[in-house]
């Protein structure tokens, strides 16, 4: 276990705080011979970057990634791929008033208890800025997955109380990118946008839910015991800032149903690859992919940074009024879509490589 | 990543299938000098073992653990603690009819795709029998946690459609063990028991929800990025058989609320250890414990083994009728309570040791 | 890092002390579908076991291994292979006089400083008895390597001052098992045997050197930086009791030579697999196997257990006379040959699986 | 295992090739609250950098390190410390003639077999340039060790056939930095310098031996089985470019001696910390430090890059004459001294943190 590294064979390590010189990381274990499409990586980063629409923070980060190693003539060499993104728009002084107090539901207090010291600028390493590194690595993982025709797509399913009451298989996921909120149903998307705008005006924030689906994942990925595929996906998802909940397939809905309702019946077939009539299991049985689409929901709390005045305490334990003046997203869901996809891609890429050693 | 090992410093490896000679494992990293109370370990195993009440399977396993190493004169030596539990009541022949077909929503098909071969007796390693090893290690982790006054307690919050609409802080958790279903509210417990008995008669199964709470966890456990404390807890929980969902604190309920409603206000204090007015965060902020009780919900699907006739396919892909004649629990929730506690204890023990290196 | 686990994909964990109930371990990551030849495993254990010749200790351990999991109908299932060997001939009382003093150059003192407590019976976990577990795992690794025609063979090259002045390529390695000292040159073997017998009479011990060679290792195993193939081999070898030195290929002899003398010239070839004229590199260049035989030397100190009276101190720091009455090998080299082979096989099996992910 | 990461708690990952944009890395697990002395880090890099004396390559790299994260107001925050060193003096065209052939005893051929592709510029990642990253991390590890008064010092003991026939305890190690060859005995140093100059004129290269000593290491570091302290030190040392041999304490010299000669007698004492009369064990017994100085020898082969014409083959397997025109060190030993120290410091820092969990 290591806070800053994720994966076993296909592995990402990251470093960097919100207001340091740069964030960056290293991707180890990317197999040699993969075409590294830099434009694709950048386009993924652009889906995450702040300021891309009215819905997000006005903070500006160009988020240009520089690959420093591991790629030669456009091809991965098998060496680690080091990369950095410079931090540009650092208004660190915005944060000086925060240095002696603890923002509610932020990492300020718990970080200080852990380390004794704290880099208070912009939340330090607990800032979601770090997730840009995950998108870089996730993009490269996607390039590897594409070789196997595996496709990972996420979309916003809920914002506050606005819920899209359909699952991935009832939707045109190609429509996800058509609106700023990344909801593939246009009518629901409009309501979500309105809700976010209202929250912004109120100086408040909204949570929500992202659904992610991975198609064409071969059967046989995942491990039978501790590293069940959905256990590692849960780990990956809950490592994303503001995520508080995860369910694979029918998830919490399934718990009030009966076994006879939830079991996924196998369909007769002449193919070696079976299909099931339903997919309540979310494409994973006994921790191992079964070839059906993998789908899961990820629940985000409303982010803690709100511009309304709040009560909190300072380092001396005295009550103080807090006004957060930084630039924050009233709802992070739209920008979190590529992050969810990236973490999913990292998990799948890793298991794909691990699976190469399943059999003699 | 390794299917059979969990943890970094306080670490459990397990081996064994449902119908092999024995299951067992190794606990590495238990600090030297800990009194190992074998009676306590056995009492924890007894909470998990089959046949302990009318609600569970009639399969008989005495589940006697033998510690083989790492303990000398009743004290841990710092060496790995190896242990085994013999498999006694192996009616392997029960399973021969299953060898050429795939039970719905079991690991049969996905395991065979993964490994090419399959130990079909009793689900092989995908059987929940393996979790007995987790309880052994979890009990030892609890002994370590007790030194720090950390207490981990779980209870059944939902069975099928019967829901206990209270959280841990509104309940007397000492009442949990007073009934066979391990629900601390006697009236709700009775309804749960009735629901399970009905399901058994119907040849069906029920899912449900377990809530777990860890008290007196010091602030500062967990890592800021990939190994957020709740991310590792989610990993641990979803590695348990039949678990499909996880939420820390307010979880999925929080996602339709606003930031101003969900932020946990710090209370003025003269102590170095702050408290928050509410605990929607579930005791973890930014991935790091904040000293408040850690609480989370774990969702179990209804188990796949039901005695009703089901349709499935055999290895040739042809449709067959399936009748499962093994002895199974209609609802695993009551027996899963010590498993949830054990995995929680393992996570906390590991982070407790890791935290020793947080500061110079 | 974990004292009790070795490897990344093909991985061995062991537990057990010299005088506990049993020693044992778990082999994770053995690919499914491998025929597990139990007789071969036992025959490897017999090469290591005490009492096999006049040269070794008279302690009796039948060293019968029991596989507890992971094998079904004689074939590996991909599940972890758990195993134990019962400790039979425990004359623990022999060790009671040792509990309050520190034997020179044993682990007694350093272990007690580390853990605060100490299992003093037979050296606890620092006893070479633990290496029996390595031989079990090594035998299974050899079975995997055989699929690739990789062969690992070691032999005794030096005992005390008796040196076999030939390298593997000048010897008939099939002669190694023809004598009790495991030296493939009969004349030298006789001198070694004589030297060991003399040492025993003197109540003293002898060290020596084992050379190991791995043939038919494909080019491309090993990692370019920290996990160079020879670095991991060195780690493996120095983890064996009494080993104090390691050199790959020409090793320490090379350091006084010139680059022009030591460089291994590639030979013209129409094959894709090149050969070199010399093999001073020991089959590894830049940390990666080049297809030539891998060879290295492993230096063992004379073991610390000698029956001569020695001076040492007790727990109070007072001078005491020490007489070790246990039954010990005057020279461990002959019995260490299968241990060296086993650790080599474990390293190669692991890298063989890791190499499956080198390329897209 | 991971080629590019070293350590468990105090952990270094590196990336970068000789002729990419930059090399760099991440140091994870540095405890919070450590004063990070940037001048000291730079001074350590200067001991390694090329062109520091007439003895080394004329290649120029200013080797200025930039810390990108993990340090705030001069103090470590507990976050990962990311860093880069730009590659400046890249005469990549020097290497174009090498792209279709394999230099003898370099990693060219084995790398290409491993990855299918190869970054041929300057040896790619197999270049010793990567070791600059180890020195950055090693310097930070030294800062941590200083808190415990642990001191790590290495010196050149042999160059070609010129041998300094004294061990660390017979030398003034403070004299090591007084000459360009880093040998603490001035007379021997002069002979070494002469030998290197002769080798350069002959277009040849020399190997040698570095001895390293770590003083004030507390007893109790290291693990009893696979991760014996000297096993991990061996791993660390053999991961350094051109290192082919390792011996702890008396090492290969010990193997022809008797147990009665090599056992280190404990001295009577009223202190809790015992000392031994001799230190043939090199400060480690049973894999665990015993409080005596840790000392070991590291053998370097003569580097493969020589300017003399050599015979080799090209990608078609045809014989070609090779003339290496790059700028290379005729003997890397002097510049390797800080690298040996750095890897030693990394190992000790890691075990120091691991030891915090040895006891309850």
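Chains: A, B, C and D, in written order; residue numbering restarts at 1 for each.
The rule is simple: contacts are C-beta pairs under 8 Å (C-beta built on N, C-alpha and C of every residue); 3 or more make two chains touch, one makes a residue touch a chain.
On a predicted model such as this, the values are computed, not experimentally measured, just so you know.
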- Task: Please state whether C-D or A-D has more C-beta contact pairs across its interface.
- Result: C-D
- Item | Identity of the chain that, by mean CA position, is farthest from chain D | B
- Approximately how many whole Å separate the CA-defined centres of chain B and chain D? 46
- Note on the structure: Cα centroid separation, chain C vs chain D, in Å, comes to 26
- Query: Centre to centre, by mean C-alpha position, how many angstrom separate chain A and chain D?
  - Reply: 39
- Scan chain C for residues touching two or more other chains and write them down. 2-5, 8, 14, 29, 32-33, 78-79, 114-116, 124-125, 224, 354, 358-359
- Message: Give the list of chain A residues in touch with chain C in this complex.
- Response: 8-9, 29, 31-34, 76, 78-79, 144, 147, 224, 353-354, 356-360
- Message: Residue numbers of chain B touching chain C in their complex, please.
- Response: 2-5, 11, 13-17, 20-26, 28-29, 32-33, 66, 68-70, 72, 75, 77-82, 84, 114-119, 121, 124-125
- Item | Complex contact set, residues of chain A against chain B | 1-8, 14, 102, 104-111, 113-116, 123-126, 130, 158, 160-161, 199, 202, 204-209, 218-228, 230-232, 234-239, 244-252, 254-271, 274, 276, 280-282, 284-291, 299-306, 308, 310-313, 317-319, 350, 354-355, 358-359
